[in-house]
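Each in structure tokens, the structures are laid out below.
Here chain A shows up in two complexes: once beside chain B, once beside chain C.
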Partner chain A sequence: MLRLSLDLLANGLIYGCFYALMAVGLAMIFGVLKIVNFAHGEFFMIGAYTYVLVALNFSVSPWLALPCAAIGGAALGWIVERLLMRPLYAGYASWGFMKDEYAVVVTFGLSLLLVNLVDKVVGPYSYKGPALIETSRFALGPVMLTGQKAIATVVAVFIMIALALFLKKSVWGKQIQAVAQNRLGASLAGIDATRTTSLIFAISGMLAALSGALLAPLVNPSPDVGSFPAIKSYVIVVLGGMGSVWGAMIAALIVGVSEAFFSVYGSYDYRDAFGLAILVLVLLLRPQGLLGQKGRDV
Partner chain B sequence: MKAGPASLWRDRLAFDARAAVLLCAVLAALPLVITGPYAQGIILVSMYFAILSLAWNALAGYTGQFSLAPAAFAMLGGYTTALLDFYWHVPLVLAIPAAVVSTALLGLVLGKLVLNLSGPYLSLTTLAFAEIARVVIGNSHEFTRGDQGMHVATLTESRLAYYYIFLAALVLVLAVLYFMLRGRLGRFMTAVRDDAIGAESRGIDVVRVKMIVFCTSCAICGLAGSLYGTFSQLVSPELGLLQQTGLVLAMVVIGGMGSLTGSVVGALLVYLGSEWLRELGNVQVIVFALLVILFARWVPGGLWSAAVARIGRKQA
Partner chain C sequence: MKLRQLATGLACVGATLALPPAFAADPILIGASITQSPPGSVVQGTQVKDGMEILKDMVNAKGGVLGRQIKVLYEDNQGIPEKGRAATEKLISKDKVVALAGGHQSSVCLAEIEVAHRYKVPYVNTNCWSDDVRKRGYPEVFNTSPYNTLVSSSMATTLATMGVKRVVAFAENTDYGIGQAKLTGELLKQKAPNIEYKYETLDRASKDFTAAILPLRANPPDVIVMSMLPPAAYIVMNQVYEQGLAPSSKTILYDGGGLADYPDFWQNVKEGGKYLLSFALYHPAMPQTQLAKDIAAEYKKRTGSDVNRLVLQAADSLHLVIEGIKQAKSTEPDKVGAAMRTMKFESLRGVSNFSTQQGYSFQQWLDIPFVNYELTAEKQPVGQTVLIQAPGQKFDPAKIVRPK
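Coming up: the complex of A and B.
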């Protein structure tokens, strides 16, 4: 019993790390533009596909495919921001849509476009992702692990620490924080808010793509692979407090662990429905999330 | 009558409604020209989508609340009728209204949760709700037969009769929305869309307005799904795919947000177009997703507002 619980806990934390990679990007976008990126799952999908296709087609080491996926995700994020997100803050006077609505329509359309484009170009079948390291399962204390899971988790944790340091210490990170706090104030202080927004999209695209690449050997990507990770990261950002990066990290671990326990002690078939239960509870009990600020009501 | 903002709004709406009625008249006459059952079936399905588009447009285009669950509510409406028919042999005359009532109630519950929150919460929660409703129905093999779908009884075997049933439903929905929009509620809806805080400060009960529209929209989707289920004699979780919601969204964005005729025209164009593109090799979703982005970015009012602007320029 204890053994199983420890195993579940460890596995939940591992998946929580991957969810965190995705959800943090979503939270950063929300923090700066106050929009939800409904194409976030497709950033994940593009990362997984880039990783798999680069590794299989050019038969390079998966370790080289990983940065390729990161670059692909960052490029996609940057292009999306450059082409589609500018109207959100560039001050178009006669904008027919309002901001939230425009963002919902455009990102939802983008999500459908990317899924079906990949489905058409690459094919609807799922690919077997090459593992970063080929080992059989091994036991680490009471926890059963595969080499892939262990390595991918180490990489994910490393990326999260790097991101935290980047946001806290570097000039660009501080600029991101400033723009998220107050766009106008930041630009008055001489920060290029437009460039910072591009940077945020590139970073969150890269994080989601890395999450997809690291999970690719475990989930075997097909074109709609991103939809459930995306829904989970929506739950996570709501739970963590929209726009709060640290809240998203903690919430991701909570969701990962509670999902692992639910799928064993609750019901495996309905494990994906479990997220909705969390979402509903958070909206009812604490709509500002764990670390969010109050003041979201109309 | 004094020409104020209210009469301007009514004039514009009346023009819109007249165009929609004209379009319905054309649809009513169409079976005289198009006699093939396959072609009639395609127009019938595009009328199903027109009803969904109208429901979504009332919510998104007129009230500014972007739900991502219209297809899910159509699926739930279809399943309500199917389950009542399958387990309790309820006659369809009762089972179809039951679908309308049950989806309205579900809308009420979901709306209670999210409609007092601002911003993208509604989209997020309805998206999660839609996906999860589909997964739950698809996984409940003992109760709903899962992904295989369920057989439903049909009102009539005649395709032509169904064509006119759908047309009647379309006209009914148009009438309901027209009278909703024409009165005070219509102006409250646009006020909520344009400036929720301003509307609240002038004494409009914003949450109540959103709630009424959300429930109506869900009920209309339920009606459409229920009718569609009895027509195809099958309901399956595929009715609730996000792609179907994407099609509805494409229809409204291309046809025209905040326009009755726009939704119907958009539905006809997009569905007929997607049938044509399917023959060209299944690229319909790619094309329409691209069109949605392009329209939202560069023609935010859709075809309807572009056409109206053109007519206005000619008259001036």
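Coming up: the complex of A and C.
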């Protein structure tokens, strides 16, 4: 039982790190625009496919394919913001008129478009991505790991630390925080809010794409691979506190570990429902989430 | 004079317009509701379409049927029963197809046969394995597809012959997966009551199955049975391999869904696919008709891949409809159906005889040939696998190769 619990803890933390990469991007978008991006799972999918196709078709090292996936995700995020999201704050929707409905329809439509586009252009077959390291499996004490899981977790943690430092220490990071707190106030202070929003979407796309690329050797990407991490991300973002990056990171680890344990010691059939049950409890007892702030209308 | 000339001209024009237009004979329309976009199995839908297109082209090249070309109309059901129902409704009521073929996902088939039954249009079940499709007893439904009782019965016999003590099955949460896993357990209990058997239902949309796999590490079973389809099946195989569970000297992985047949099998499982024991409905060692060999050659030419059982099953189901039209000498659905019910049909894989017994065997081709083989090397073509049970022979467990 101890060995099984250690296995579950390790597995839960590993997948929690990948979920965190996904969820942080979503949290950042919500923090600034107060909308949910329903195409976020497809950023994950695009990142996974970019990684696999660059590595396989151009015979490049997976370590080179990884930044290609990041660039692809960032570019997609920037394009989505520029072409689809800008009306939210630069057009009629910026007056608050049907802003949420606009976001839902546009991002949901984008999600369907991307899934079917990849299905038709790349094909329906799934592709196991090349591993970053060739070690297929090894034992770390009582826990069995693969080289890919171990190295991908290290990379994911490194990216999250880098992101935290970027948000806290860099000029751009402070601008992002300012726009998230008060868009109008940030503009009055001389911050280009539109460019900052573009940066946020690019970072969000990059993080989701990196998550997809790191998981590509483990989940065998197919056109609809983005749906499972997307659903987890929505739960994690609400649990962590809408708009809170640190909250999303902590919530991701909690969800990863608790689902792993509940699946075995509770019921495997209801493990997805367990995550949603946690969500409901949090919304009832602490609606602002773990680290979110209570909002107020002025 | 001028008036007379004008009148003559107008009369000529009117006569020309009144003549019926001359055009080539209309093609015979056959409907196919298949999965062409997610969330259903697009891989299966693609192979079904490939098989039907190849046979259609071959038949049309020889002049078609009853002097008319065959045209297959495809509708995308996305693997969703409601969409399958709508697609079938459209094919029958709007497109006026003679018959339907191509159904390849049990949940969708179960919805579509209701529509075919209501309109009394023949429906050839290409690849829906669930016994429930047959149990409904609809005279319009013809089953050239494998069926769960066949597969489960064979797998239960195999497991009993292997002399194992403990078996765990992973079943996807569909009519096919749960149906097969449940039935395998029931039949195994009859054949070898001392074998401990249980099955775990896995969500085919999930990407992480370690929570179901990890508890087995403490007490590995002798056999892990897979009643799952790609891509979830590939992930399970990889994760079972990563955890060091199977394949091993203790635990064999046994597939009941024909995974090794899929063109993307090796690119997704790599070393995790070695030593996979597979119940299979196609092997080059099986007797094949000349038509089957021609289809195999054409498939290789068009796609670069070796033919597999799903491509042949798809061609077979269209072949049955075409033979039914020939026998009936008509394209009226009820006459075609009546001919299909009584005619002798030589399929691509052998002479088929549709049973008339109610239950899982109703209008089912019962004696579908099968083999059991084992993959012993990475990227191994099916033709080079180790035949543990040749066509018509008994399963020989001594031939099983285990990793050291």
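Methods note: the second predicted complex is superposed on the first by the 285 of 298 C-alpha atoms of A that agree within 3 Å, B and C clash if a C-alpha of one lies under 4 Å from a C-alpha of the other, contacts with A are read in each partner's own complex, and residues count from 1 in each chain.
Just so we're on the same page, a contact is a pair of C-beta atoms (placed from the backbone, for glycine too) under 8 Å apart; a residue touches a chain by one contact, two chains touch by 3 or more.
Here the structure is a predicted model, which means the values were calculated and not measured.
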Overlay on chain A: chain C relative to chain B, clash or fit: clash
Which of chain B and chain C A:104 touches, first, second, both or neither: first
Touched partner set for A:165, first chain B, second chain C, both or neither: neither
Partner chain(s) touched by A:269 [first = chain B, second = chain C, both, neither]: both
Which of chain B and chain C A:11 touches, first, second, both or neither: second
Which superposed partner A:188 touches (first chain B, second chain C, both, neither): neither
First (chain B), second (chain C), both or neither touched by A:227: both
First, second, both or neither for A:116, with chain B first and chain C second: both
First, second, both or neither for A:154, with chain B first and chain C second: neither
First, second, both or neither for A:260, with chain B first and chain C second: second
Touching both chain B and chain C, residues of chain A: 116, 227-228, 269, 272
Contact footprint of chain A on chain C as seen in their complex: 37-39, 42-43, 45-46, 200-201, 203, 205-208, 210-212, 214-215, 217-218, 230-231, 234-235, 238, 241-244, 263-264, 267-271
In the complex with chain B, residue positions of chain A that touch it: 34-36, 38, 84, 87, 95-98, 100-106, 108-110, 112-113, 116-117, 120, 227-228, 231, 234-235, 238, 269-270, 272-273, 275-276, 279-280, 283-284, 287, 296-298
In the complex, chain A residues that touch chain C: 3-4, 7-8, 11, 15, 115-116, 119, 124-128, 136-137, 144, 146, 149, 215, 218-220, 222-225, 227-229, 259-260, 263-264, 268-269, 271-272
Contact footprint of chain A on chain B as seen in their complex: 60, 64, 66, 68, 113-114, 116-121, 123-125, 127-129, 131-132, 135-136, 139, 193, 196-197, 200, 206-207, 242-243, 246, 249-250, 253, 257, 282-283, 285-286, 289-290, 292-293, 296-297, 300-301, 305
